[in-house]
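Read from first to last, the chains carry the letters A, B, C and D; within each, the first residue is number 1.
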Amino acid sequence: MSIITTSGLTMQFGTQRALDSLNVAVQSGVTGLVGANGAGKTTLMSLVLGLRVPTAGQTRVLGLDPRARGAELRAQIGYGPERNVLPQDTPASDFVKHMAEVRGMPRNEARGRASDALWLVGLGEERARSLGTMSTGQRQRVKLAQAIASDPALLLLDEPTDGLDPVQRDEMLSLIRQVSREYGIDVLLSSHLLEEVERICDHIVALDAGRLVAQGRLEDLVGDEQGVAVELAETADQPHAFNDVVSRLSESGLEVRHGEVGSRMEVIGPDADLIADLVRDAVADANARVIRIERRRRRLEDLFSAGTP
Amino acid sequence: MSAPESSLEPPPAPPPVSTARPIVEVQNVTKSFGDVVAVSDVSFTVGPGVTALLGPNGAGKSTLFRMLCGLTAPSRGTVRVLGEKAREHRNVRGRIGLAPQQDALLDRFTAYEFVELAGRTHGVADPSGQARQSLAYVDLDPEDPKRVGAYSKGMRQRVKLAAALVNDPDLLILDEPLTGLDPVQRNRMISLFHDLGDGGKCLLVSSHVLDEVARIGSNVLVIAQGRLVASGDYRRLRELMDDRPHRIRVHSDDARKLASALIGRGVADGAAVRENALLIDTLNVDRFGRSIAPISAELGIRLREVVPTDDDLESVFRYLVERR
Amino acid sequence: MNGNARSSADGTEIHDRGYRKYEGARSGVVGAVRSLVWQTIRSILGLGRPARHKVFPVIVVVIAALPAVVFLGVALLFRDLGDDSLVNYSDLFGFSVAPTMLFAAMVAPEALVRDRRDGMFSLYLSTPLTRASYMGAKALAVLSVMLIIALGPVLLALLGYTVIGDGPPGVVEWFKVFFRLTAAGLVISAVMAAISMAGSSVTDRRAFASVAVILVIFGGAIVSSILVDAAEFSNAYGFLDPMGTVGETATRILGESPEQGGSASELSDSDTAAVALGAAAWFAAGAGIVGYKYRKLEAT
Amino acid sequence: MSGSVSALRAIAITHRLLVRQLVTKGRIAALLGVGVIVSLVVALVSRAVGEDESAEEALEVGIEVMSNLGFTIVVPIVSLVFASAAFGDLKEDGTLVYLWLRPMDRWPIAVGGWLASVSVSLPVTLVPLTVAALIADVGSELVWATVLACVVGNLAYSAVFMLLGLLTKNSVVWGIGYILIWEGLVAGISGVGEKLAIRGYTRSIIAEQTGVDLYLGDLSLGIAIVVPALVVVAAVVLSTLRLRSLDVA
């Protein structure tokens, strides 16, 4: 069943069209809403929450119309906003408890759930600290905790990894996945970092300038392509190894593309076995040091560079 | 998992990242805010070219940059830019270009006005011409009548960069210039950095996104928990990292034969076959990387994929940070 | 799908983290409003926040309560002096004018301005709260705290006088006085709350909200006193003074005029209906500005 | 290539930048509105008083209005709003770095900031108050007294509140506290207090120029000008020192 469906959803701000007749069906599970800044991700979220009136089109979320039954709908949604400002002087536990109450938890229940949610996101020891003294990573966790404390059916997370370093980002992503899997909460998370979306999402909705670029299951959208990507190490004793490999492969009639970093290349051709052998021999002959040899994959990035379908 | 203790400690003397005259000298610098130590006994020098300052959030990157610019004084130690302290010497401030981390601009100015003002406040000879040139450099239109308050995050980042460039500084400090940018914008920014570095400027660029850092520059300073945990050439850093155990996944048409050959020749220290893939553990990736192709060629094994499972920068970084 | 909790795809064992599904009843909009009212009251008074946030609220509460306590003390210590030692309730309201104004200007803007600055307004709109229920909760919270300042000391005096035997004679009379006091306190609080919230909705800076409220309350008082006293214009210009207008309304409700403290009001000769209309107009103006501003305010 | 910036240019640049930041439609409209109300009130009052009172009494009423409305509320509050924002806003939103990290000395920045707040708050107050004094039509003494007191008041308040904006985050709240509680209450209690409040000097100027006795206004004209001037110098010097020692975000 679709959690969120839109048909012909259009949002116009003055002369700017933030969303352009969007037809989206978000399925159960973790869905990544990807796109560049200004692609319309936040606008779509605010329409899902019923905070704006669309210029045209329909939206249904959890079977409800956000405009007509907004309060009822929002009671089932946990929302983690993109803005990173939170009440400075409020202790994390007070803030999460308050948001749980506002989202419908009875008072006694809210206190316990706030504490549980903070422990779940790894802030159990820090729950009495005020939000202003917390780091970016901790505040992102608090935003997640307040969104899940009311046990929502649907989590909307706007850029939940923004400003996090890799370790924190991994932890946040696995937390989100864990919450979704263990507690059966559907998640729609937006991000402009495609690689993280690829890492945890079941489904993708990709936007570009307010238009739908692609949607569907992740494995249907990214997959193998012809050829391999080769990365070689630059070594002091074999300074020409990379160029040697490139020229040998080119001489064999394969298409070789330099990657964006100097020690990477892509070798393209229809016959996978032939490529594998030629690459192996070229590398061996050039005395090059292999870092990686990998099948070329279509990445989400390609969805955007390919332009709108 | 143990690594030799000394291999990644900051070397006793500031590592000569470049042989040229150092533009930035940081000596035994400590900065604390109350009881919290943000930067702890850090020393390094940086010369021309692009240097990436890498570290998790809260590691002390911004504090270090602020001290370089003189925006705050170190609690102990000295920070010199071009031989002087920016906090005390007026003219040194004119040779620094800073794009601060915070997304703060004079929102009521147009991009041109903002950059032109930066030029004026720097006392450049031709603020208007310089501003146009800087804006053109970052692909912004000087005639755009929109105020920067209405700009997207990516455009604001570029306005900051243009303002930092307008005085043709010797030292460019860019604090997290890539956050909030989409992949296309990021690529464009990175190539800008390389152009500037090739032009002889000293660029210090901080980031916490590791896959970006390899592209930003080969000189890396890694800072974690307020300390300089590693510095030098990114590739050499990686070679240093070769001491730790690596795990590499190899897809071939004969996993068992390849496994026994690799172990037999001492290239692999351990091997396991799982779902057609060969998982190799090795303590010496250099030898492994040089041997895998010749050995397969010799044995006639078709090599489809060789994928390090823990050799991306994020793993390196995690290793550096978590080992401590 | 739902239901396969406790085992993730990679087979990792999941330990009990305490967090679990919630099957019970949800409190809906009523619970949301109740929580927001309480949270706002706490934040206005600086409860559960560092000490520096409590400075102004405490000063204001002390200034407000001091006269009532002093007069009670005097009445208690010198019971033999007779009725002269008793202050009438209208005078006590006079004493809470200054703290009520200070509160409206310096403390109450906290209720609205902070939510806009730290993004809470937008976050609240992502919950069952709507603009209307949000504003209702905020108004209720500001009004409640305002009542503590404006009415608290007077009720304290009433109780004190009653206990020492100087209260209104008879139960009926007592309740009459009680209800009049409450009504007067409500009018003062409602108008001041409306002005304070109007000032808070025109700017995102708490400080400028304070400036706006001060300009309205003090400016109004000065202008009206100049026009009426110095220029000897019509007393109707007294309505330009919001504090004077509600003060006079309170006096009419209490049915007694102040004997000491504030001099006779510029409005003492006006019709009671006109006075009530004046107070209502100030309230409507404040509420109108709040409504207009928040109707247009974008939630991001 | 960049050089350094001369002191005069630095003052001019800072001034230009800060004026641009300070002049927001909302602030100017709101405060001009206040000015217009003041003029209106004075006009109404003077018309009324002029009809049936002696010239002497009319002048007294005019002075009363001017000093109560103009110099206890309008001038200090307007100066506070702009002067405390001069550097306070830059500090708060993190843009001070675009002025600080420049090859400019610190004192021209302080002077430029002071001039910027004066050049916004002075017209906003001087025009309506002078118009009010003219409308009142009770002799040129009041007009000149108003102009002089307005200039002196603006210069002094702006310097003090600019320093306040550099020292504390809640400068407007502290400033209001100073205006209402110190100048309004404490300074009124004793003669010493009068000398410790800028209001004492502006009132003295009005009293001295018009020859009318004014409560809290018995200092000589010379003192009423020299002391505020010293206050300006001290506040600008302290602001310079503060700019130097400040931790910039």
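We take it that a residue touches a chain if its C-beta (ideal position, glycine included) is under 8 Å from a C-beta of that chain, and two chains touch if they have at least 3 such contacts.
Just so it is clear, the structure is predicted and the values come from calculations on it, not from any experiment.
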Each chain counted as touching subunit A and subunit D at once: B, C
A-C or B-D - the one linked by more C-beta pairs in contact: A-C
Chain of greatest Cα-centre distance to subunit D: A
Separation of mean Cα positions, subunit D and subunit B [Å, integer]: 49
Inter-centroid spacing, subunit C versus subunit A (mean Cα positions, whole Å): 46
Rounded Å distance between subunit A and subunit B, as computed from the means of their C-alpha atoms: 24
CA centroid of subunit B to CA centroid of subunit C, Å: 54
Topology of the chain contact graph, where touching chains are joined (line, ring, star, complete, other): ring
Chain-to-chain touches, reported pairwise for every pair that qualifies: A-B, A-C, B-D, C-D
Subunit B-facing residues of subunit D, complex: 1-5, 9-10, 13, 17, 20-21, 24, 93-95, 97-105, 247-249
Touching residues on subunit D, where the partner in the complex is subunit C: 26-27, 30, 34, 37, 41, 44-45, 48-49, 61, 64-65, 68-69, 72-73, 77, 80-81, 84, 170-173, 176, 180
Subunit C to subunit A touching residues, read off their complex: 1-6, 8-9, 14, 17-22, 24-29, 31-32, 34-36, 39, 43, 48-50, 53, 114, 117-120, 122-130, 299-300
Contact footprint of subunit D on subunit B as seen in their complex: 66, 69-72, 86, 90-96, 98, 100, 102, 104-106, 108-109, 117-118, 120-125, 163, 167-169
Subunit C residues touching subunit D - in the complex, by the definition given at the top: 105-106, 202-203, 205-208, 210-212, 214-215, 218-219, 222-223, 226-227, 230-233
